[in-house]
Amino acid sequence: MEFVGLEEDRLHFSWISSAEAVKFADVAKQVAEKVKVLGPNKKFVKRYPTKDTE
Amino acid sequence: MRAANPYKPYPVRIDEIITETDDKLLKTFKFVFLNPEDEEKFAYKSGQFAELSIPGQGEIPIGIASSPTEKGFVKFTVFKAGKVTSYLHSMKVGDVMGLRGPLGNWYPWEILEGKNIFIVGGGFAYTTLRSSIKMMIDPANRSKFGTIDVVYGARTPGHLLYLDELNEWGDRDDVNMHITVDGTDDPNWRFHKGFVPQIADKVAPPASDDTYAIVCGPPMMIKFTQPVLDKLGYKHDHIIMSLENRMKCGIGMCGRCNIGKELVCKDGPVFTLEQINKTPREY
Amino acid sequence: MKMISIKKSDWAGAMEKVQKSYRLAGPVKEKKGHTFRELKDGETPDLEYSETRMSVKEVVLPQSEVMFSYSLDENKEGHHILEEVPFDETPRAAVGIRPYDAKAVEILKKNFMTEDYKDPYFERRYENLTLVGMAENNPSPVNFSTSCGTGPFDESCLDIILADAGDSYIGKALTEKGEKFAAAAGFAEGDSGVEAKLAELKEQAEGKIKSKVSFDKIEKMTILDLYEAPFWEEAAFACINCGTCTYACPTCWCFDIQDEVKGKDGVRMRNWDTCMSEVYSVHTTGHDPRHEAWQRTRNRFMHKLKYYLDKYEDGIMCVGCGRCVSQCPVNIDIRKVCQQMNDYEPSK
Amino acid sequence: MSEYEPKIVSFLCNWCSYGAADLAGVSRFQYPDNFRVIRIPCTGRMSPKFFLSALREGADAVWVSG
Amino acid sequence: MDAYTDKIKEISKKILSEGKVDVVIGFRKGTLGYMSEPYMAKSEKEAENLVFDCNCRMNLVNYVTNRKDKVGIVVKGCDSRNLVTHIIENKIKREQLYIIGVPCTGLADKKALLDLAEGEITSVEDDNETITIKGDGFEKKVAKSDVLQSNCKTCIKRNPVIFDELAGPEVAELEISDRFADVDEVEKMSADERWNFFGELLSECTRCYACRNACPLCYCPTCFVDESRPQWVGKSDNETDVLTYHFLRAFHDAGRCTDCGACEAACPMDIKMRYFTRKTIKDCVEKYGSEAGMELDKRPALDQYKINDPNEFIK
């Protein structure tokens, strides 16, 4: 995804066990912070047509 | 002034939903037009179909099950199968959607008037046949036709459509109803048991220039009914069939429903066997 | 009929002038050759091209077009009721199309404007459109338009025909629409020599076309004879069932209707479809009358070369532009298939 | 204009992160409220189709957690 | 190349007459000088039509998927690797196949040939070193290396990896110094530059799906673009939908693609969609040390888990 030009921080992966509530809250904070820095996503958001396309 | 947009559906409201079969896969929807004047524009004949149009889902061509003699509503019986029909099955009374039509040709009533009619139907392809019977037995029309014989079959009693009406018609003496099921363990079953072609063989009215057969059902049923009718001496131009193919536009433009040069949506769905014999078997 | 002559150096100016009252579509040079598309303001149709990959079809039948819009929000007035989308009524002109592509528009018209129904989307585009043709002096080797009832200088379906005569374009305004466009563009009046020069160029160009098809015998065979002919599986073996030929074809008109929804707002659109696709004719039950790949290919050729011929009794549904021949990834050649069909002798 | 609050679609494994999220909630841990959680039966069910769909419909980011 | 053609004919006739196979899938001469058409020979007589040259751009493995009969098939190095993948993925059985391997010196780029031509091309001859383009009133000779398809320039396996018989002596493999130069180039760009680069790259895509249908890996019974419940991708020419299609196709082919180039050769708009698949190849090579379809007993890279697989992207 990065390769096609989506910012790296728009996609996150993590491993959290069901016992790791603290880690979950931590990672959630980090993810939210990073995405906030990026600003709203404009790439890959589909623009739906509204009138005859041209 | 441009003619009305043939892609634009009339807005309708679902007025009643009846679950027809035990497996709940078939429901009959009764629609009422939001604008009463649209009902007049939607003047149809038995055998035609319409596109049920659900905004956000798409459209699906379905045979009209109500009869032109029934006023104030139109009815469709829909099998739950694909994207649109599944969504339709989840809709409720009062919901608004669209209805586009009437589309296609109809059973050739111009020719059929004054003739004996033999109707052979199976499974849930029975809807336009229901429309036809209802239309023919209307007091205003019954005298226009000769004998009316009907063979209608389904897999089990639970798969028969319009049970109440079937019983009602069975009690009339101006229609010969022959209802059959492929099999049942119901000891009280009072009608035939056996496949449609076998029953048709037993009860068919004799072939003549004045007798027409209307056949509508699953491909297998049609395949085995045809030799029976052949044996009985029905001519191919006296056997009328209704086909279905994948459709989108319903008005002969989008291309896909062709069988040879005929477009099932516009040149059909009703064809005589004679016509069908001249086209590739692409249905 | 008015003769036209315009210096090549004046072309861009004339187009700029005409854009004040027309929306233009035309050939544009891009990285990988010429394409045919709607022009932006100030863009000039480039007539110095040999072929465009896509055809004028895009102008009368866009690849995707919104038909209706609607709201699924039950709190809004008129929810779940489809409304037509507004259409820009500005006159349009397709400038620099090949004469045989104009014939394709007439073929499309047969499908979209029938006695029973008029497709309003096609109709309004068609009526709004002026077809300004650019004759082809050097037809490509795969061009066989002359045997399809048209040709590189065919005037029959155009409003204006232009031709390259060295340092100027010469031509004729053929219809009222054409004269209007010529006036709006300020084309200079051509002298009496134009007619003769056009005839001369026409003869030269048509002489260069070596490739041809014949369908005289196809006409006489029955649909079933051809349908059941033994060569289809072999002829279609290579076909990978992509949609290249159908999209490039200026006469292929099949389309699909789809709903798209975002949140509570939706549109119903129509998109080009292709008979090569597996989902084109498959029933909901899963039954597909044209299940095998080669059956779909057969349907395409039968439609173009036989069904259409029988239905409208006006030649084949092909204008001989050769796009499908040169773009097919596996080299299935309509000329060869047509020949095979025409040569076929049903054994009876 | 108010401060930008991203919409983050999170695909959480039923057995791991979804449990963790549940536990975090029960334990009253604070974490940002930008997440729209979709529970999947296993991260193995995750498909590229899912996160592309999320982005197409306007999500600002996607978080997959097993 | 004539030698290959003769040998292929000879082998095909032999295996057809001995009943080793029911059909032979190869190429025949096309109607255009620069094209060859995939062809199925069912008899010795039909085998006479078989040819092999630098215009055989399609990957014939595409035509054997799910076949039930015994098939002879002509494969180049890259195609043979797809055949391996097919066998691993149970799309065809090794026992059904009689593989006629072609040690390949590369294919000629269709666009390059057309650019060189001065009119109609009537024939393209290839002696493995030089290509001779003949046409209406012209004849041109060019070094084969100058008109190679781009995937052939970075080919890592010109000789088939599996075969029953070869159509000629093995050729030397290429030495490539900078195999992923094109991908590296893109990786150097910023996110926005990349985004624009790919937007531009796909701007002319008409979604004809020639790339998908030319690809032997794309054998899903129903492609995700055709699914309606749920509908993953819109069907219009919307740019997001076009991008989605190309990205997901690349994901599906990741770890399986052998860079045979059929997709690009098939594209009527000359779109270089191999950027996507080549990125997946590069990642599989660099991260998992795996090339698709090199050995019959090795599953594709993304089809297996190793304890030492890199996972630094997971927190």
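Which chain is which? They are A, B, C, D and E, in the order written, and residues in each are numbered from 1.
The rule is short, and it goes like this: contacts are C-beta pairs under 8 Å (C-beta built on N, C-alpha and C of every residue); 3 or more make two chains touch, one makes a residue touch a chain.
If you're wondering where the values come from, they're calculated on a predicted model, not measured in any experiment.
Student: Could you tell me which chains make contact with subunit A and subunit C both?
Tutor: E
Student: Which pair, B-C or A-E, has more C-beta contacts?
Tutor: Taking the two pairs in turn, the one with more contacts turns out to be B-C.
Student: Tell me, please, which chain's centre (mean of its C-alpha atoms) is farthest from the centre of subunit A?
Tutor: B
Student: When the centre of a chain is set as the mean of its C-alpha atoms, what distance in Å lies between subunit C and subunit E?
Tutor: 32
Student: So how far apart, in whole Å, are subunit A and subunit D when each is placed at the average of its C-alpha atoms?
Tutor: 9
Student: Could you put a whole-Å number on the gap between the CA centroids of subunit B and subunit D?
Tutor: The answer is 49 Å.
Student: Please work out the Cα centroid separation of subunit A and subunit B, and write it as a whole number of Å.
Tutor: Result: the chain centres lie 52 Å from each other.
Student: Please list all residues of subunit D that touch 2 or more other chains.
Tutor: Only 52, 56-57 qualify.
Student: For subunit B, write out the residues touching at least two other chains, lowest number first.
Tutor: 82
Student: Among all residues of subunit A, which ones touch two or more of the remaining chains?
Tutor: As it turns out, subunit A has residues touching two or more other chains at 6, 12-15, 27, 43-46, 49, 53.
Student: Could you please write down every pair of chains that are in touch?
Tutor: Those chain pairs which touch are A-C, A-D, A-E, B-C, B-E, C-E, D-E.
Student: Give the list of subunit C residues in touch with subunit B in this complex.
Tutor: Going through subunit C, the ones touching subunit B are 67-68, 70, 72, 79-82, 84, 111-112, 114, 116-120, 123-124, 222-224, 227, 253-259, 261, 266, 268, 273, 275, 280-285, 287, 289-290, 295, 299, 302-303, 306-308, 310-311.
Student: What part of subunit B is in contact with subunit C in the complex they form?
Tutor: 2-3, 5-9, 11, 34, 53, 55-59, 81-82, 85, 95-98, 219, 244-246, 248-249, 251-261, 266, 278-283
Student: Can you name the residues of subunit A that touch subunit E in the complex?
Tutor: 1-8, 12-15, 27, 30, 43-47, 49, 53
Student: Show me the residue ranges of subunit A that touch subunit D in the complex, using the header's touch definition.
Tutor: For this pair, the touching residues of subunit A are 6, 9-29, 31-32, 34-36, 38-41, 43-46.
Student: Using the touch definition from the top, list the residues of subunit E that touch subunit D in their complex.
Tutor: It is residues 224, 232, 240, 244, 247-248, 251 of subunit E that touch subunit D.
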